[in-house]
Amino acid sequence: MTNPSLPENAMEAGPDLSVSLAGLQLKNPVMPASGTFGYGEEYSPYMDLGRLGAVVTKGLSLRPKAGNRTPRIAETHGGMLNAIGLQNVGLEAFCQEKMPFLRQIATPVIVNFFGNSQEEYVEVARQIDQIDGVAAAELNISCPNVKHGGIVFGTDPAAAAAVVGGVREVLNKPLIVKLTPNVTDITVIARAVEDAGADAICCINTLTGMAVDIHSRRPQLANGTGGLSGPAVKPIALRMVYQVARAVKLPVIGVGGIVTAEDALEFLIAGASAVQVGTANFLDPAAMIAIIDGLDRFCRQEQIAKLADLIGTLRC
Amino acid sequence: MTNPSLPENAMEAGPDLSVSLAGLQLKNPVMPASGTFGYGEEYSPYMDLGRLGAVVTKGLSLRPKAGNRTPRIAETHGGMLNAIGLQNVGLEAFCQEKMPFLRQIATPVIVNFFGNSQEEYVEVARQIDQIDGVAAAELNISCPNVKHGGIVFGTDPAAAAAVVGGVREVLNKPLIVKLTPNVTDITVIARAVEDAGADAICCINTLTGMAVDIHSRRPQLANGTGGLSGPAVKPIALRMVYQVARAVKLPVIGVGGIVTAEDALEFLIAGASAVQVGTANFLDPAAMIAIIDGLDRFCRQEQIAKLADLIGTLRC
Amino acid sequence: MTNIKTTILANQEVAPGYYRMKILAPEFERRVRPGQFVMLRALGFGEPLLRRPFGVFQTGRLQADCDGLPEKEFLEILYKVVGRGTALMRDLHEGDRVEVLGPLGRGFETASNSGQQILVGGGIGLVPLYMLAGELLRQYPVRLLIGGRSREDILMVTEFERLGVETYVSTDDGTLGDAGPVTQVLERKLTRFPDAAVYACGPMPMLEAVNAICASRRVALQVSLEAFMACGVGACLGCVVKGAGHSKEDPRYLCTCKEGPVFRAEELDWELLARRVNEGGRDHD
Amino acid sequence: MTNIKTTILANQEVAPGYYRMKILAPEFERRVRPGQFVMLRALGFGEPLLRRPFGVFQTGRLQADCDGLPEKEFLEILYKVVGRGTALMRDLHEGDRVEVLGPLGRGFETASNSGQQILVGGGIGLVPLYMLAGELLRQYPVRLLIGGRSREDILMVTEFERLGVETYVSTDDGTLGDAGPVTQVLERKLTRFPDAAVYACGPMPMLEAVNAICASRRVALQVSLEAFMACGVGACLGCVVKGAGHSKEDPRYLCTCKEGPVFRAEELDWELLARRVNEGGRDHD
């Protein structure tokens, strides 16, 4: 089904899968979701990374972050909970150890990042802007603001706007803002983020969930709660992408539970300009290649010359 | 496994599964979730309804409600979407056609209800209070307030408090308030509802979701979006029950994705005083009986004399 | 109406994409009526979540594996692979475990005044007509009009003929039997037998055309409908169709699973069936 | 390191609750090292969602079904049914399809200075030691110390002896072999062979005790660890253990899936391993 050795130009005869997003021109709309693809290299034995629309890194912070204790993952019906705790090597090690590899792959690199305060967010953005070979930055606003009682930036429109505005001032690269789904009305946050200067919106991050070990009477995750991802959350993600795509003018990246090309198509039709694949990488390391091939096949079957024409064509 | 003809007193030798809830004494903590069990009679061929902790009816309104057009249901990975549109026979027909049957079953009857305005909610509650044989009322606040721009009562603490307060004034029977999970912080709503006079809290109702037919490019549900339920949502429901149980003094009924006795035990340990079973009734019409038997077995295995002692024993 | 956990006896492809599955089901035979259905699910694997509805194709008995043991009573379904659930069913083998809820719903009424019995079916819609034909044949001659787009869509002609049914095939493209819609044949037959009783099952457009013909000739018609189902017992209200006299103020819904799947034509609101109008709000439950 | 969609050749119970599964896996034999593992999932059924990790028990070849065809290269795992995933694996049959990702991780290093090779294992922890024993035996005599609570926990003694391994069994309750912990035997052996190389796999308390003994005697120890895994390739960071010198400011995590599952004892932070301290915040990813 997948043929990583297919030469680039063999696709030219077929449908045009390219999409444009916040100034980036992507050969197709499929990219990994942050935190599920390491720094790219981990999956290079399983695929030609150059076939992906883009690569998105694990979320980075200013300094290395230790993350949570284990167990960090638990399986649920149709999904998984994770509480990795944003463990990452930190920006400096990222530049030295990970970027040399990433610069060589034939697709744009998007760096996901976070901070624990407004200042940290801005400082990380300033440094990312300087990294050669990074095509865009993806701002994860699902983090608690440790300076303000731990309220999550992304659940409050004012806090979200402030952090996006601050980052915008120092970042010249395209800015993608990734929203948390744990809110009453995601369109309010989306509009706040749009007004504050985002170039694209990515939704959704994980839904907060929990699992209990009934014998030890402890949470299954050492952290207590964790983020739910995988096919279980797809209907929620799809609804939010649909809402956001109608509420803002920015392009939207759809993420949440995408496993197959059919799943990806649902998001594109509902209004997403591109999609990210997370948990599915764990189920099948070549899932994204299968999705790209499936998009190609669908376009051929339905005689769609340009995949981008499908975006937002849902008839309600 | 299930033995509906087991005499009541055969349980006495075994563990005590009874729980008390908002003034009701239940023989066990297991009851159906509203809307998944009809008016009780539909499932009577499959079980002795008297074995249930309680029976909860489909949501009722003042007048009969037509509901949405079809398709009204769609399956998703680990869950289902429904947009029934709260179709129901209306209070009058309920009293005349459904209550005579329900009065005969040997377990408390809880009537779930809703309105499209503050006034309708209060009027329905006033009438329910008069119905002989109804043990308690469960107020569904996941409905849009048609008089106020369609904002959902349950997503706004003030609106939630107002409707609960209004209902409380006319309702002498125990009042259970059922919360929507589509909110940023469910503890805020829970506390508002507690202050306004609720006797118990039930959470969660369905999460808003969507599914798209990629060939017709239409939503799979005629209504566009629908409510997600089933095992897929369990981690979210469990987390919310845990949060609410710690935030309020009221007893909490846990609902969302419960299929097995182990699932029910997770909710009890996380702080629920009782549980409701919804989608699982569709998978196995005798699911609740299997859950009750499983709770009994668990107590025997773990030498727990009184199931209620397990409530809220999560060690974090 | 029971839920049994049981075993697959056979699961075989009978035409491209069509399978027959025999399921061990003691006591089933004497309880099931033609037109009733079961809700089925493989045991053990969590997916797909919901059971799937299938008409009962037939019931019967298989010889026991050893002398002295009782015969094995089975229930048989005939299904077409169309999606996720049926694709997984295709992969099941003899000995795999399934759960069967049923028999469910209301089947065909066969106490007819007339001697003339006309069945109209297309595609997988022939399934419930098979048991019905068997029952009717005990008293009446039975005619079956089978319609489809092309010859590949025409199934089970031999099976019905072996029962003793007179079959008439028509295809839209004329590749088998008469060219044209099955309703052409129906009109001819009804002209000959104006007091016939008609029983139909198949795609909605076919049912609508059959209804239009029967209504104008005041011929008694029973139709078997399909719908998405979650519970199969009338509890979820997912499978409703609008009954005659339905209005927003006085909603007269009928559950396909409980009041159907077989309806007398006059019980239904055919205009609304065709339009499937949204009358309610856009609430969730 | 590839992902193959392949077929089960056999899946048989070998002791109560323990199963051996042979999986068709061409080219696997020459790529796998003792101590490496695979991530496995049944194809078709959506559940369980995540693959499950299993050590490679052995590789081999089966005769082809007909003359002239090549032999069937297989990979074999030995698993214990403990939960949902392994319970579903138990129900799989010959011919069912599975997906296998592997070989993964870092296996045992066998370039030892000493002639004395001591393996210590308990329960399902014996699995990775089996291939290791096979490889070591080409150059050295191998001793295996098997520990368990009771005689039912002692597996595979005959299999190891057939390879030519000298086995020593001990049980806590003395129902088989020596009475007492397996570490008693280890101490005796190390007193006799102070420059032995030790390889251990089993429950964490056993590994800790073995490490304490080896550390105090400065004996080279390799241990194989288990952890919950989602990806198996170092991408999700779900399976980390703390490396020697780990601190909150300078977190030195090692992925069990990639830098392990076999570690040299001195690579690990044994104190933190035992305590599993939470150093991070309570954030989600």
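Order of writing sets the chain letters: A, B, C and D. Residues in each chain are counted from 1.
Definition applied: a residue touches a chain if its C-beta (ideal position, glycine included) is under 8 Å from a C-beta of that chain, and two chains touch if they have at least 3 such contacts.
This one's a predicted model, so the numbers in the text were calculated from it and none came from an experiment.
Common neighbours of chain A and chain C, by the contact definition above: B, D. When chain centres are set by their Cα atoms, the one at the greatest distance from chain A is C. With each centre defined as the average position of its C-alpha atoms, the distance from chain A to chain B rounds to 35 Å. Distance from the chain C centre to the chain D centre is 54 Å, each centre being the mean of its Cα atoms.
Taking each chain's centre as the mean of its C-alpha atoms, chain B lies 46 Å from chain D.
Multi-chain contact residues of chain A (touching two or more other chains): 77-79, 208, 224-226, 230-231.
For chain C, the set of residues that touch two or more other chains comprises 46-48.
Against chain A, the residues of chain B that register as touching in their complex are 76-79, 81, 155, 182-185, 207-212, 214-219, 224-226, 228, 230-236, 238-239, 242, 257, 262, 265-266, 269-270, 298, 302, 313-316. Contact residues on chain D toward chain C in their complex (touch as defined above): 44-47, 88, 91, 93.
The touching residues of chain A, counted against chain D in their complex, run 35-38, 42-43, 45-46, 58-59, 64-75, 77-80, 82-87, 116, 142-144, 146, 205-206, 208, 222-227, 230-231, 279, 281-286.
Interface of chain D with chain A (complex): residues 1-3, 41, 46-51, 99, 101, 227-241, 248-251, 253, 258, 276-285.
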